[in-house]
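The next part holds the structures, each set out as structure tokens.
In the two complexes that follow, subunit A is the common piece, with subunit B as its partner first and subunit C second.
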Partner chain A sequence: MLEISVHNKLQTLILNQFESHKTVLNKTGRVIKYAALKNISTSDIEQIASTSDSDMLLSGFSKRGRKSFFSCVIELLQNLKIHGTFTQLNFDQQFCFVSKSDDTYRLDTFNFIATEAVRPLSNKLNKYLNSNYDELKAQYLNILSEGKISKKGGAGLGLITLCLKSNFNLTYKIETINEHMSFLMFSVQVPSNL
Partner chain B sequence: MRKLIVEASKTTPQIILDPIKGYFLFEGRSFPENSKKFYAPILEWFEGFEPLHNKDYKLEFNLSYISSSSIISIFELLKKVHKLDKLGNIAIFWKHEHDDESIRQIGEDFTKLAQVSLTLEAISTS
Partner chain C sequence: METLNIEGSTKTPEIELNQESGVLVIKGRSIPENSVAFYKPVIDWLSEYESNANENTTVNIQLEYFNTSSSKCILDLLKKLEAIHDSKSAVQVNWHYEEDDEDMLEAGEDYEAILKLPFKMIEVKEE
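The block that comes next holds the complex of A and B.
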């Protein structure tokens, strides 16, 4: 009974965040190309990446920009698929938005995470985001040479790839709900002239 | 050793491992949900492969997109091939569209890290 009630609270919270995020994107003049509040599937990921790529081509984005955004979609949404279920309560809903302005294409994601995972994750992200290209590339090569892939299929290169491909246009926000639950939002964008 | 063919899907490449013809191909996009699981049978196939002394082999990669976890799996595969290639008769070709810096860069990273000799081959964009 208690679990159902917490589940409902999470459902309400994610729905509110989804609506408020949509309002912010609209207010800032971005055109929403894709929005979903669900358990993101592999087929969704492929569809979002391919559809965005076609639209970016029509909108005159550079090939480098298109390939970079494709990569960001795959890395961020696969990351969401692997880590986006709040396992303690088996809550598997996430949301994502793809939006565009005249000169940028952007992907935003939202999911719940365990509060105990917040510090290690933000330490890692801050380390990556405070590096320059050469430093981060060196870390990338180091992880690649170690070559470890987890059982879930993650390699530890995803976040670094996101930073490199977006030219460090990656931002994140973590809000702690209580000692058990927090939520994580990512935003990554690629300019048309990358 | 039997021939192995894996058909391409929207997220995985076509793979042809033909020991009789001496031709191995990876072509398409590689971003499976779980790259470790996807590439496990391929790595296993190479475990059992013994190149013949009097034969030349060609391993060709023509990939248009590779996810980060696929990069690790392919790197593992290249290290395995490098170990097998004691006679130096497996030539590896890494194709990339001439204006695709990211795929070319992955080939260069592999060369640097695994000391595998890859021939980088720029192809024209269709």
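The block that comes next holds the complex of A and C.
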């Protein structure tokens, strides 16, 4: 009974987030790609990146903006694949949207993370978002030259790269579900005149 | 010493490392999830090359995109070349970037700032 109740609560929360977000995106622009997934795969990442890249090419988006957005898609979705946490419950647990409004492309992701990871992630993101370009670039170079690749294969540069490539057009929101599980909503935008 | 040839894909670059000519080429996209596994044969080849290095080594790097884990692996292989440059061979890195791709130019300049290797930034026409 408990499992069904948790299952229903989470599924309702996620579907509400998903549907309301999709509605907002459809009202303000055009949804280019959305994916509801149990566990994002390498081919999902490749397909989402190439679909958005093709759309940007067709719409005549700036080359710099296109390359920056492609990098953001790869970094954010590979981060999600490497660091995302899963419940044992059987429903789609990761959502991803690519949308365009006016002259801006936007990637939104929704996924679970461990509640114990919330504070370190928030601290890191707030520190980066409160830095200016030169400060963040100095941190990037320091991690690049001194850091080591983690056991999961990350270089510790993904979040910094997202900030730099999007010119700090990055927002996030975290909802704590219980002591074990939280829900992360991430959004990154790249304007044409980057 | 055998030439290392790795065919390029939509996620990984074309690699050609030739001991006889001393020319090393890395070209294309580098966005694999497991960059360490992809670049391991390159690092291994460079370890062997260190004791059989050509008098002159030319490194041609032309990347369209690379992810952050690749950036670390590229630095690691350039550090190998830095050690070779110090002891065995005159290493020259030619960092190619497409015209108007300021980010890729900046990436090359980042490596140049970290390493003690001669870099030449070469602008190329978009393919």
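The rule is short, and it goes like this: the second predicted complex is superposed on the first by the 167 of 194 C-alpha atoms of A that agree within 3 Å, B and C clash if a C-alpha of one lies under 4 Å from a C-alpha of the other, contacts with A are read in each partner's own complex, and residues count from 1 in each chain.
Operating definition for what follows: a residue touches a chain if its C-beta (ideal position, glycine included) is under 8 Å from a C-beta of that chain, and two chains touch if they have at least 3 such contacts.
For clarity, every value in this text was computed on a predicted model and none was experimentally measured.
In this overlay on subunit A, subunit B clashes with subunit C.
In the superposition on chain A, contact of A:Lys81 is made with both subunit B and subunit C. When both complexes are overlaid on chain A, the residue A:Val31 reaches neither subunit B nor subunit C. By the touch criterion defined above, A:Glu46 lies against subunit B and subunit C together after alignment on the C-alpha atoms of chain A. By the document's definition of touching, both partners, subunit B and subunit C, reach A:Arg64. Residue contacts after overlaying the shared chain place A:Leu15 against neither subunit B nor subunit C. In the superposition on chain A, contact of A:Leu141 is made with both subunit B and subunit C. Residues 42, 46, 50, 63-64, 67-68, 70-71, 74-75, 78, 81, 141, 144-145, 147, 149, 153-155, 157-158, 161, 165 of subunit A contact both subunit B in one complex and subunit C in the other.
Residues 42, 46, 50, 63-64, 67-68, 70-71, 74-75, 78, 81-82, 140-141, 144-145, 147, 149, 153-158, 161, 165 of subunit A touch subunit C in their complex. Residue ranges of subunit C in contact with subunit A, taken from their complex: 10-11, 31, 33-36, 65, 67-69, 71-73, 75, 100-103, 110, 113-114.
On subunit B, the positions that touch subunit A within their shared complex are 10-11, 31-37, 65, 67-69, 71-73, 75-76, 79, 99-102, 109, 112-113. Interface of subunit A with subunit B (complex): residues 42-43, 45-46, 50, 63-64, 67-68, 70-71, 74-75, 78, 81, 141, 144-145, 147-155, 157-158, 160-161, 165.
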